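Note that the chains take the letters A, B, C and D in the order they are written out, and that residue 1 is the start of every chain.
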Amino acid sequence: MTKIINAPEAYVDESLAGLCLAHPSLRIVGDEGRVLVRSHVKSAGKVGIASGGGFGHLPLFCGYVGEGLLDACAVGNVFEGPTVGTSLDSIQQADTGAGVLCLIGNYGGDRMNFEMAGAMAADDGIRSELVLGTDDVASAPEDQMEKRRGVAGLLFAYKCAGAAAEEGRDLAEVTRIARKAVDRTRTIGFALAPCLMPGRDAPAFEVVPGTVEFGMGIHGEPGLWRKPFSSADAIASEMVDKLMAETVSETSSRVALMINSLGASPYEELFILHRSVRTLLSERGIDVARVMVGPFVTSMEMAGASVSLCFLDEELDTMLAAPATCPFWTVS
Amino acid sequence: MTKIINAPEAYVDESLAGLCLAHPSLRIVGDEGRVLVRSHVKSAGKVGIASGGGFGHLPLFCGYVGEGLLDACAVGNVFEGPTVGTSLDSIQQADTGAGVLCLIGNYGGDRMNFEMAGAMAADDGIRSELVLGTDDVASAPEDQMEKRRGVAGLLFAYKCAGAAAEEGRDLAEVTRIARKAVDRTRTIGFALAPCLMPGRDAPAFEVVPGTVEFGMGIHGEPGLWRKPFSSADAIASEMVDKLMAETVSETSSRVALMINSLGASPYEELFILHRSVRTLLSERGIDVARVMVGPFVTSMEMAGASVSLCFLDEELDTMLAAPATCPFWTVS
Amino acid sequence: MQITAQDISDAIARIQAGIEPLERRLNEADSHLGDGDTGTMLARMIGVMADQQAEPSGAVGTYLLQLAKVAARSTGSSFGTLIIAALMASGRATKDCDGIAPGDVSALVGVARTEMMARSGTGEGAKTVIDSLASLEAGTAGAVSRADLTQRALVATDAALEAFRALPCRVGRARIHEARSIGNDDPGMLAVALLLRAAVGARSEPCGKAG
Amino acid sequence: MQITAQDISDAIARIQAGIEPLERRLNEADSHLGDGDTGTMLARMIGVMADQQAEPSGAVGTYLLQLAKVAARSTGSSFGTLIIAALMASGRATKDCDGIAPGDVSALVGVARTEMMARSGTGEGAKTVIDSLASLEAGTAGAVSRADLTQRALVATDAALEAFRALPCRVGRARIHEARSIGNDDPGMLAVALLLRAAVGARSEPCGKAG
């Protein structure tokens, strides 16, 4: 797990600099240089969408700044939420007068910081709402939804909220739609190998080689069970069972699907997993309206994958279909 | 290096099936189900572009089938070229009467197979030309260019040839442009960790942890030297020096740049490397006209990266800027 | 007798002067079950606080709010954010005070604790910094002098560590290893004890656990 | 006395009957420096050849071209492609022959060798299948009977292995480890020797290297 880096303490800032050099549609702003915004001025009166979180999950979070998606993103250090100050900057940057929806993962620090930033923004006369992604079904039982973490499924909320904002809907509406997307999205992942924090000698958590850590979080939070890996079909079946056992699965038989690499698992394997998942979904009569397969929400070089389902209604379907462009996701 | 697979012998076919399910713009055809073509019928009279090669390098080769890029692609087994029969199928599929350019990497087996396929196609009245990518500067000295392997830089040839074909140019012209793109493109890569062939217990080649294998090929062909990894800046400097020492670097100070992950090295690191490379290029007065950073030509979960430069003239610049769409690369 | 902004500033300078061993010790405590950064985060925050140019004259509250503001740009960790929240709440509560009487410190700690609980949604008994503040609040009530306050505070923070050491942790990352958290000090609680010692220039180790 | 299409078909059936040890042995030989698949590739190719429905009546060349056609869809390996090329060239050269006289086999091997060299761009002396064919071509010239042909062929392929074992390999993957290739048989050359033995039903191991 040798990393292509200079110094651990420069990891985040050099990576952000390289990202913006590659994608001039992104610009770095903010007192600490930790807020990414769109380079092109957005229409005044549009509800702003801000997000933020720890670094090490590219393309999440800041890679999704772009038309029809985020307006601004606060960037923390590796696996550490953005500061209150940076979070505040991101809200201010996203605002054009119509208020800001903050759409973040449900991690203690991130939530607290965005709440404090929201309170500070309110002192400056900026209205904001906070919606927390809670799609990771492994992170808490369904009756403790408020404890669940947000992972890859956050992208569906970005997309739906972004489309609603781009359409000119007001803050209440954009918030409602984001919340609906969160409510109807579920993710389950598994890890096959850990990742290393820059500057450390050994991974902070262990995944025994040959073993699946089912439900492991994107920071290495322990999973639901571990056992030897058997096959793509078998793990797909465990995942689909887990996702379809959620109450939300009764609301719709039409889904958006994401097969996501946690980092090191290559496209070849994602597509094998995708094939398995598709077979299982079609056996259950589930219609896949749209699909994304790739590295969308990662943990640096962690190996493994996640499967996300967003159970669609007409409104979410429309929002997901609306045009959007950012460096890592284009819908046209 | 646990792989998300079912059976090693199903690796390629299941992965291709999952790819086409995810991207309906691609369709599987051919006697062995090993040729990928565009789903939409292309205009008759357009010169066809065919490619092919071993599997395990996704998105290369077959991921680049799409408008303004490839028409058909022959797929082999892992790290093993497509059969003569499959290669022939890809040529037949790509042909709409205006002839076919075969654009492949310079690997013994692949070249022989496409040559034989070309001869068989000629028996059926299909004209074809063969252009071999030779961008890997580590694979042979500059005066033995004909021995050099084709790696990530092949994409620039795909793009330029694809654009020329889409414009309606004839086979001779498309071939000339592809050859020019090959002539003006150089790549250097380095590996930090090996990959595992499906079904094997151990990697077929070694990369000592903490060590850079400078110039290693995408199948693990030994590199130019190995030493402990020091920093992104240092490796970038070795790479840029190596690329700029090529004679072609005198032809142009305007380049297209690709920073490519060999598989497991995540975006965070690619962007750090990109930043280093950009600094070095700008110190040398090189103008970067376009840039791609991501996993474009991989070796499954191999860790490491490559840097490719295409030294532009006006014609190549125009060809690279032309619109193109495939599942992994869009220019608009 | 009152504690002024200048006193707080001096305390921060004393903490900063001995930050290195404190940083190491807290990182070590956090590395048992957490991500090993409590010390680093705290050192970063103390550093910007010690650096800040604003004059610690005027109202205590104004100074505390200034500290909160610079701290808010220094760290994204949970513990840091809770300190910032506490500084803001206690700053607002002392906006018009030139000084705080030793007997009023308990109430101010209560303000900080209440705010931390509101922000984090964490109750008492979860083995966090909040439990240290609760103990501090109770133990310093009725302090009659600065010396008395210091003595009571040292006793209270030690008592909190002692009381919770054998209990499991119920929040954050360590929660997932509840059982393994038994027998170890919570890094946030340990931080309170060490900060207090450094602030008042006490030499002793907190409650006999040599770390 | 002439070798007919049916004879070739029978030989393929004999090879197929004993393919498993041959496959293992060749994979092992290729795994020293190559990717360890020479046997697998060859077995796949022999399999489709043995399976194919076409009647081995009629001209030898027609049959050889049919074999080439099915082989062309069975493998993407370099060795496989060279065999396919050789089958096509020798098939075209014998399109009108009902049989091949033992004395004409040498010339036909020459046709195959020439085509392999043209396709691969590899010359003699690089320690490849081409060198086995060159030896076979020279050794079988002037064969007067089928028994004589068999005898000469066995000697010639063994001699080639023997002559090249101590030399370095100069093409393909093994080239990059030139030095390490010394002392090992080239898998393509070994394949020729083993295929010949299996085809004629010989029991002995090629030239004393037990593998």
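Heads up, the rule we're going with is that a contact is a pair of C-beta atoms (placed from the backbone, for glycine too) under 8 Å apart; a residue touches a chain by one contact, two chains touch by 3 or more.
All of these numbers come straight from a predicted model, not from anything done at the bench.
Novice: Please give the intersection of the contact partners of chain B with those of chain D.
Specialist: Common contact partners of chain B and chain D, which must touch each of the two, are absent.
Novice: Starting at chain A, figure out the least number of steps needed to reach chain D through touching chains.
Specialist: Step count on the best path from chain A to chain D: 2.
Novice: Specify the chain most distant from chain C by Cα centroid.
Specialist: D
Novice: Compute the distance, rounded to whole Å, between the mean C-alpha positions of chain A and chain B.
Specialist: 30
Novice: So how far apart, in whole Å, are chain B and chain C when each is placed at the average of its C-alpha atoms?
Specialist: Each chain's C-alpha centroid was found; their separation is 57 Å.
Novice: Calculate how many whole Å lie between the centre of chain C and the centre of chain D, each centre taken as the average of the chain's C-alpha atoms.
Specialist: Using C-alpha averages as centres, the distance is 81 Å.
Novice: Connecting every touching chain pair, does the picture come out as line, ring, star, complete or other?
Specialist: Basically the chains just string along in a line.
Novice: Could you list each pair of chains that touch, in label order?
Specialist: A-B, A-C, B-D
Novice: Which of the residues in chain D come into contact with chain B in the complex?
Specialist: Touching chain B: residues 35-37, 72-78, 80-82, 84-85, 88, 119-120, 171-173, 176-177 of chain D.
Novice: Can you name the residues of chain A that touch chain C in the complex?
Specialist: For chain A paired with chain C, touching residues are 31-32, 54, 76-77, 79-86, 88, 108-110, 112-113, 115-116, 197, 204, 221-222.
Novice: So in the complex, which bits of chain A are touching chain B?
Specialist: 1-7, 11, 14-19, 21-22, 55-56, 58-59, 63, 192-193, 209-212, 229, 231-233, 235, 259, 263-276, 278, 291-293, 295, 298, 300-301, 303, 305, 330
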